[in-house]
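First the structure, which I've put down as structure tokens, then a few questions once you've had a look.
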Amino acid sequence: MKYFSLEYISIITGFLLVVIGIWGILTQKNIIKMIIGFTIFDTGLHVIMVSIAYVRGKTAPILDDAVGIKDVADKIVDPVPQALVLTAIVIGLGVTANVSLCN
Amino acid sequence: MISPIHIITIALGTAFALGFTGKLSQKISAFIMLAAVGMLTFISAQWVYAFYSGGQETIQIFTAGFKPPYSVNLQMGYQEAVISLMINFVGLLSGIYLFKTLVKQGKNAIAVYIILLMGLNVIVLTQDMFNLFVFLEVQSIATAGLIVLHKKKHAVSSGFKYMVATGIIAGLLLLGIIFAYYFTGSLNIQDFINANMTASKGGAIAVFLILGAILLELKPFPANGWALDVYQSAKPGLSAIISSASGTAVLFVLYKIAAIGSFDSYDLLANLGIITFVGSNLLGIKQKNAQRLLGYSSVGQIGLLVMIIGFGPVLGDKFQFIAFTIVVAHFLAKAGLFWLAGIVKKDNIKKWSALRKKPFLLVLFGTFVFTLIGFPPFPSFFGKWELIMVLAAKSNMIWVAAILLGSFFEGIYLFKWLGYVIKGEVSEKKTIKVPVHKIIPVAIVGILTYVVGFFSSTFVEGGDIINYLPLFFIAALFFVDFLPAFVKNIIAIAGMAYYGYTFLPELYEKDLLRFIFGTIFIGGGILTLIAGFYAKGKRQGFYPAALIMFAGLGGIIQAENMLQFFFAWELMTLGSYILIIRGKRSMPHGYSYMLFSVAGAYLMLIGFAMTNAQAGISLDALSMITSHANLIYLMLAIGFMTKTATVGLHIWLPGAHAEAESDVSPMVSAILLKAGVFGLIILFIAMGAESAGTNPILYILGWLGAITALVGNLAASFQEDAKKLLAYSSIGQLGYILFAFAIMTHLGWLTGITYSINHFLFKAVLFLAIGAVVLRVKTHKMYEMGGLIKRMPLAFIAVLIGIITLSGVPPLSGFAGKWLFYNAVILKGWYFQGAIVFFAGIIAFLYCFRLIYAVFLGQLKDEHRNVKEISIWFIIPIYILIIGIMIFSARPDLILQPIGDAIAGYFPSETLNWNDTTASTTLGYWSGYRVMIIIGIMFTILFAWLALFNRKSKKVKQFNIVYSGERPERPETTHVAHNMYAGYNKALGLLVAPFITQFWNYMSETVKGTAGFVRRVYTGNGQTYALHIIMYLVIIYLIVF
Amino acid sequence: MSATMRKIGARVAGRYGIPFYQPWINIIKLYSLRDSITHGVMFYLGPIFRVSGGVGIFLFMPLIFASQHFSNFSFAGDLVLIMYFQFFGMLGMALGAGEGGHPHSAIGISRGLSQFTTIEVPMTLAVISIAIQYNTLSISEIVAAQQGGILHWTLFTNPFATVAAMLSLLGAFGHSPFNLVKAPNEIPIGPPTEYHSSFLGVLRTNAAILHVIEAVLFMNLFFGGAGNWFELIVKSFFIYFWSVFVGIVFPRFRIEQSVQWFLKIPLLLGVIAIIIFM
Amino acid sequence: MLKNSFILAILIAFSLIFVSLFISYEGNDELSNLGKYYAENGVQEVGAQNLVTSIVVTYRGIDTLGEVVILFLTAAIIGFFLKLSKKDSKNGKRVEKLREASEILKTGSQALVPLIFMFGMYIFINGHLTPGGGFQGGAVIATGFVLMMIANPVQKVKHGVLAFVESISGFSFVVIGILGIVLAGGFLDNHILKLGTFGEILSAGAIPIIYSFIGLKVGAELSGIVGSFNEIQAEK
Amino acid sequence: MTNENKNHEKFLHEENKIREVKAPDGSIIKVDPLNDYFLDDRPEIKKPKTNKIVEKFLNWSRAESLWVLGFGTGCGSIEIPPLMTPRFDAFRFGVAMRPTPRQSNVFIISGYLAVKTLKRVIRSYEQMQGPKYVLALGSCTINGGMYWDSYNTINRLDHFIPVDVYVAGCMPRPEALLAGFMKLKERIKAGRGEGANEYAEKFDWYKANQKKIINDWNMPDYNW
């Protein structure tokens, strides 16, 4: 059952969150709930991104003593999506803030 | 060279630095901002210049000193430079325009504004997908912020909708990007393109999400309710940026990344684009709110551009030109219109008539509207021309049709709007306030449309020889519009005369047919302009319009290729439209005139395009068509027939001609209609004599001509309005001409040309005379006139000669046409059509008599006792034309013989033979000269005879009539003129029941109804809009995968 | 000639009728009247136009076949010229009457023109049919083609055209049933209601000429033309008699009725005539 | 209800996209090209221990700039929106008096806020060494502000000070970026300073400085946003 | 309009009072319906041709072509239609009915003449083209006949228009009328049918008589 491994579970979670978020955006009459839907949607996206970055059995891309600086490529997960997530989070924040402002 | 990176640094530096200026005044902040935007503009301008002057290579700017894909890189190429210049330029102008608002809102708003521009610049420049995403968000948040600036409630709620929509779109884009990264291991767009993602299903979906998201950013129909709300409720200055700058930028993004998809995705884009274009313009028809209307238009235009991007691979090397001209046209016009919306400050387009008090703004408004629709000399004209040429060359005819349909819908509402502006009632006394800082941007943009149009013509095949000289002259005339009318009239006549002099003599040697029509156009133009001397005051806007029309007419004559022809044709339509709507109640008629003209022109365009695809752009190519020839000919014929007002397409004419000003009516009726005839001639020449017997089109056209003649004349008999009567008569006469040309024999053509010359002569006489009378008595209704012969004998004589010529009674030249016609018909064998036309010809007597009787004979009305003879300025041209009629009547051989020789080249058989002054065919013979002499002598003898008996006749007054022992009480009750042919109407009136009008009304109601129905998708609810977005994606997904 | 006709009419009605010279007396009397008034230039010119039209047709029509002298000025034009030249007089009349300012004139003219439009349709069809048949529009040539015995007449070679044309002739003469134009007591005498004395004299002269001309034209077109004066008179007399006969037997049509009538039966006949020769 | 089931149907159809995406997803067994490059060369080129940081601040510095801009935008927009509503509220609207916070909260906040600020600063200064950075640090600083606000609701947020901090740090960020062009390879290049010793606090070139500015800016902006929201809330 | 008629103004129709209309150029035009529309000249005496032979020939033609105005003024008009029937067949004698005064020469005043009718008769008579003749039918036209004391009929036609031939009787039969025509012919041929000139000569007297009877005089003195 390969689908029970970490990356699959997290990416499914991500997808589910996205759908739930959209559901919230589309159906909720309460604006606050809509905004919450938005954040869920964003969160789902971020989870997906992180899942994409995951490389089986690897660790965070911080070259501390535990990782060392040699053969780094075999030890860490992909840092790029993580950097993107960082940006995306802030952007999501901006968007959400604006959405909520517009009420 | 300043590196493009400094676009970012300067903008951001300024934005951040504004925080320091807390204590400084807002104005200074705004000035700093303007300086910064100016700097941005300068940077992009210098790059454009560098690329333009050649030698400059596309450069890459690596941030952080690393090569892509490892770091984000910006690319500055020619295209990027141009787009960025456009953005910054409109940003600068909008900044000036919004200056006061921004100052009032404070430095935060100023910072947001400059960041918006920066964001747009970066999304154009960047080559990194994620970077694109980030700055897309920057611009959408900035936009939302500026929307909220307009602190009205609906602005805030539309900002909310905007944020929800862009939020979802951004999320989908992000999803697409991250999966694209997953499949390619890169974030660089170039890598995406190289990676061929669509090979795998996941990759294809990633591409789908990316492209879909960018497409959704472009507000495709129908998932664009959020955007429309924004257009409607944002500040006009901001809407201008959203529409022109943001739209352009995101379009460029789409263009940039479209290549990541496969060929199918281009197809998909094209489909979605055209759906947007047609759908959005359809919905615009029902719209009343100015800004929302512009929103529809924007969305539509962008849809068209998306389509063009989708067709990028097909269009090949023409792509850049087409896309650029249409983008620029949209960009300039939309910015200008939105700014105008801000100046006018009226939501409802019906109230835009306030603009009329400012002629300058009015002209700008017209410029923008015509730019949007794609009239010459604006850039979009050339863009659309090329687009359609190329599409046709690749035989994508359905696309061509869809594009033109969409354009037509766009024309419907834009012209309606233009109509409201020019003719709507000005209810308020207050004139609109026009601050200088708001005019400047509009004016600059307006002027640019002309400039760009001028330059873009040189890039089109065949466009480099378009004669712009008349246009410059007209432009110059426009600037001296403050002069009194008679000065301008002299200038105009001189200009026309010179213009004629430049090409007519040469034409006489080369091509007699063209020479004849050229003389009609230019000579007739001069004559009718003489009548213009009657006008007092300034007569603003008249002369440029009239000259545009005549320049167009001259251009048609001179045209050597289809582009020139079409260019001139559209120019003529434009000028005549403006002329027509100058009339007091002519707006609805001018509107329908324009719609018919535009539709007809589009059909012509299709025809030209198909021809061009097969045989090249020259006009001669029409005769070298190899496939679909009949379809092409049919479309061209319909196109021309909209101008000749053949039955079915005629409903615009009566009103348009009748309600136009007195000296405009002869221009549009006697002269302008000949343009359609000329077009038909060109078409028929192309079809060739050999098609005469075989081609069903000719047969159909013959019947159409006959029916037109009948219906036109019959309807003319039942008119109460003198000018309308003449207008219907024109329809009938043009029916004859169409019929005669469709015969396609030597005689038929001679008939047609004779009719054309005659129609020009007498219709000009009649319209001038009646127009002048109308000026005096101030009514069109014939039954309100009467007995005017006593007051206006000269006008009466003119009309008398006019109607004798019209009805074809010998000895005047009308008979020449009839005689030729008979011979032609019998030799051709079109007996029944001929009989119908003949019947129509007799019906002409009905209206002729009605015209002259009801106006000049019968009882003089009390209120007209002191009216003066018609103005001398009308009499002069009228009598010049009458001399023409006389000469043509006495010696038709002088003109017809050389023409006969000229067209003998096309039709060698069955020619007309001239023996001295006697014309003869195999059927019969006739000598106009002798008939004239015999009748003259006879007339003199009889006159003497009667004079002998009646020399002592008592001249009596108007009521000295036998009245069964009673006396008439009033002239009104004694003048039989209303519903004159009642019995006839009872018998045959059913033939002229307005079926056709009803048909077109039904059509327009259907279109409007559809628009109204579809419009219900826009509920105004943000969640519904969001749902639309999702649905849109889902449906496309289901279709694609 | 018209006198004879009226006499026949009278005889049909059981009366003795007028003397054959009565019309001439009438004309002399009209010219001899002492008073005359005029409503204006066009009123004055109207009769002149009218007579020019009438005489003009006369001049353009060959009377006697193969006679140099009595071909008149027919070299100047052909059948088409004659058909159109009829209008010249009508138009002049209409204008002159129009300037009289009398409502009845206008009503009469409007009726006359309305009726005339449809009269001409079967006539045109017939003429076209003949033109196809003989492949010419020259009257002389048409006559020439009919020489050589009674069976060569168009009447027999092209009966439908003849019938159509003869029916339209009824209208052209303006006798009952197609005389609503004049309607003596409703709109007294129609268009010329204001004309009197010498004007009326001219008009009546013209009416006489016109009737003859129409008859001669039909004779030329359908009845083989005339080789000599006697033939001319006899043939045109019978053609004229036809219209008088019908006029006495049938009551008057309203204008829309006559319009519709002409667009039914004669039109159909004309179409058939053309189809036969197509 | 009908509408909701319709939406549900649409969403289910929409999920089809996700299902196919999911099917095509197979997880990673090794790094992508880009990741591999960063892993192998990041240390030499940038010198930051935290690879994410080196990407965020240097390789994709311009993204970060955009991010900062977004925050700035948000703050600015909220700022002027606040101003607008203030203008509205001047005529007649009464500001409701808020209840004072409890003593424990006040005292606790007085003790905690400096610590929180310290912690935030630590986070962004060490962004290149530890899993932290400007954004995280800024967010932490903002929480300190929130705490302050809860503890002392009456006290007005000093927007002027915040704006100044924000502006100066943003401006410095841009200036550093330009310095990158002038002194080093390109915009936002961190080589304007020496890379230093790997793993030390003053290593990785300009990253610590940039991150500090980002931290300050983010902190100021987030605080400003929260403060503004609070005020808008209060006025409603 | 002469001064004496001013007091008739109260009988005038609303339509015939002076009114104002606005011209298209805005000026006001005064319209006087009684004067403006009509020619106001007096009739002229038109002498016969001096050449006797020509005049005789012309008179003959006039006599042989009597066009009668079909205007039945009174009960006697019932006697006119039979003239045209086969039994009497007046056509034989060149008598024909014309519907309009302009084209007629003979005016048959058939029986009593009401004042109201008189006005029409005068108008029609004056509109006929000279030489013109009047044939008065029945006793009423001679002396009023049975209506001699009626408030509403005239007694002697002679006082109002010149009469050529009286046909007495109440009513005279068509034969008598025919006889009247014959008499008239004789008179014309003899050159005595100059009623029109007589009318012109004694115009003032006739007019005075007419105006005495007719109150709402709303026409010019002579109807051309």
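A, B, C, D and E are the chain letters, set down in written order, and residue numbers restart from 1 in every chain.
Methods note: a contact is a pair of C-beta atoms (placed from the backbone, for glycine too) under 8 Å apart; a residue touches a chain by one contact, two chains touch by 3 or more.
Computed from a predicted structure; not experimentally measured.
Undergrad: Return the chains shared as contacts by chain C and chain E, ordered by label.
TA: Shared contacts of chain C and chain E: B.
Undergrad: To get from chain A to chain E along touching chains, fewest steps?
TA: Shortest path length, in steps: 2.
Undergrad: Using C-alpha centroids, which chain lies at the maximum separation from chain A?
TA: Most distant chain from chain A: E.
Undergrad: Between A-B and B-C, which chain pair is linked by the larger number of C-beta contacts?
TA: Counting C-beta pairs in contact for A-B and B-C gives the edge to B-C.
Undergrad: Specify the chain with the shortest distance from its C-alpha centroid to the centroid of every protein C-alpha atom present.
TA: B
Undergrad: Quick check for the class: compute each chain's Cα centroid; which one is farthest from the centroid of chain B?
TA: E
Undergrad: On a C-alpha centroid basis, what's the spacing between chain A and chain D, in Å?
TA: Result: the chain centres lie 16 Å from each other.
Undergrad: So the centre of each chain is just the mean of its C-alpha atoms; given that, what is the distance between chain A and chain C in Å?
TA: 102
Undergrad: Between chain D and chain E, tell me the centre distance in angstrom, where each centre is the average of that chain's C-alpha atoms.
TA: Averaging C-alpha atoms per chain gives centres 116 Å apart.
Undergrad: Using mean C-alpha positions as chain centres, tell me how far chain B is from chain D in Å, no decimals.
TA: 54
Undergrad: Quick check on chain A: which residues sit in contact with 2+ other chains?
TA: As it turns out, chain A has residues touching two or more other chains at 18, 22, 26-27, 52, 80, 84, 87, 91, 94, 98, 101.
Undergrad: Two-or-more-chain contact residues of chain D, please, as numbers and ranges.
TA: In chain D, residues 7, 11, 14, 21, 25, 32, 34-35, 38, 59-60, 63, 66-67, 70, 73-74, 77, 81 touch at least two other chains, as defined above.
Undergrad: Residues touching two or more other chains, restricted to chain E: which are they?
TA: Residues 100, 102, 224.
Undergrad: If I apply the definition of touch given earlier, which pairs of chains qualify?
TA: So the chains that touch one another pair up as A-B, A-D, B-C, B-D, B-E, C-E.
Undergrad: With touch defined as at the start, can you tell me which chain E residues reach chain B in the complex?
TA: Residues in contact with chain B: 13, 15-16, 21-25, 27, 29, 31, 33, 36-39, 41, 71, 100-102, 119-121, 123-124, 127, 218-219, 223-224.
Undergrad: Across the complex, what residues on chain B touch chain A?
TA: 130, 134, 137, 141, 144-145, 148, 156-157, 159-160, 163-164, 166-168, 170-171, 174-175, 177-179, 181-182, 187, 1023, 1026-1027, 1030
Undergrad: Can you check the complex and tell me which residues of chain B touch chain C?
TA: Per the stated touch rule, the residues are 787, 789-790, 793, 796, 800, 803-804, 807-810, 815, 818-819, 822-823, 825-826, 829, 831-832, 834-835, 838-839, 842-843, 845-846, 848-850, 852-853, 857-859, 918, 922-927, 930-931, 934-935, 938-939, 942-943, 945-946, 949-950, 952-956, 958-964, 974-977, 980-981, 983-984, 986-988.
Undergrad: Could you please specify the touching residues of chain A with respect to chain B in the complex?
TA: Chain A residues touching chain B: 18, 22, 25-27, 34, 38, 41-42, 45, 48-49, 52, 80-81, 84, 87-88, 91, 94-96, 98-99, 101-103.
Undergrad: Spell out the residues on chain B that touch chain E in their complex, using ranges where they run on.
TA: Contacts found on chain B: 776-779, 862-867, 954-960, 962, 964-971.
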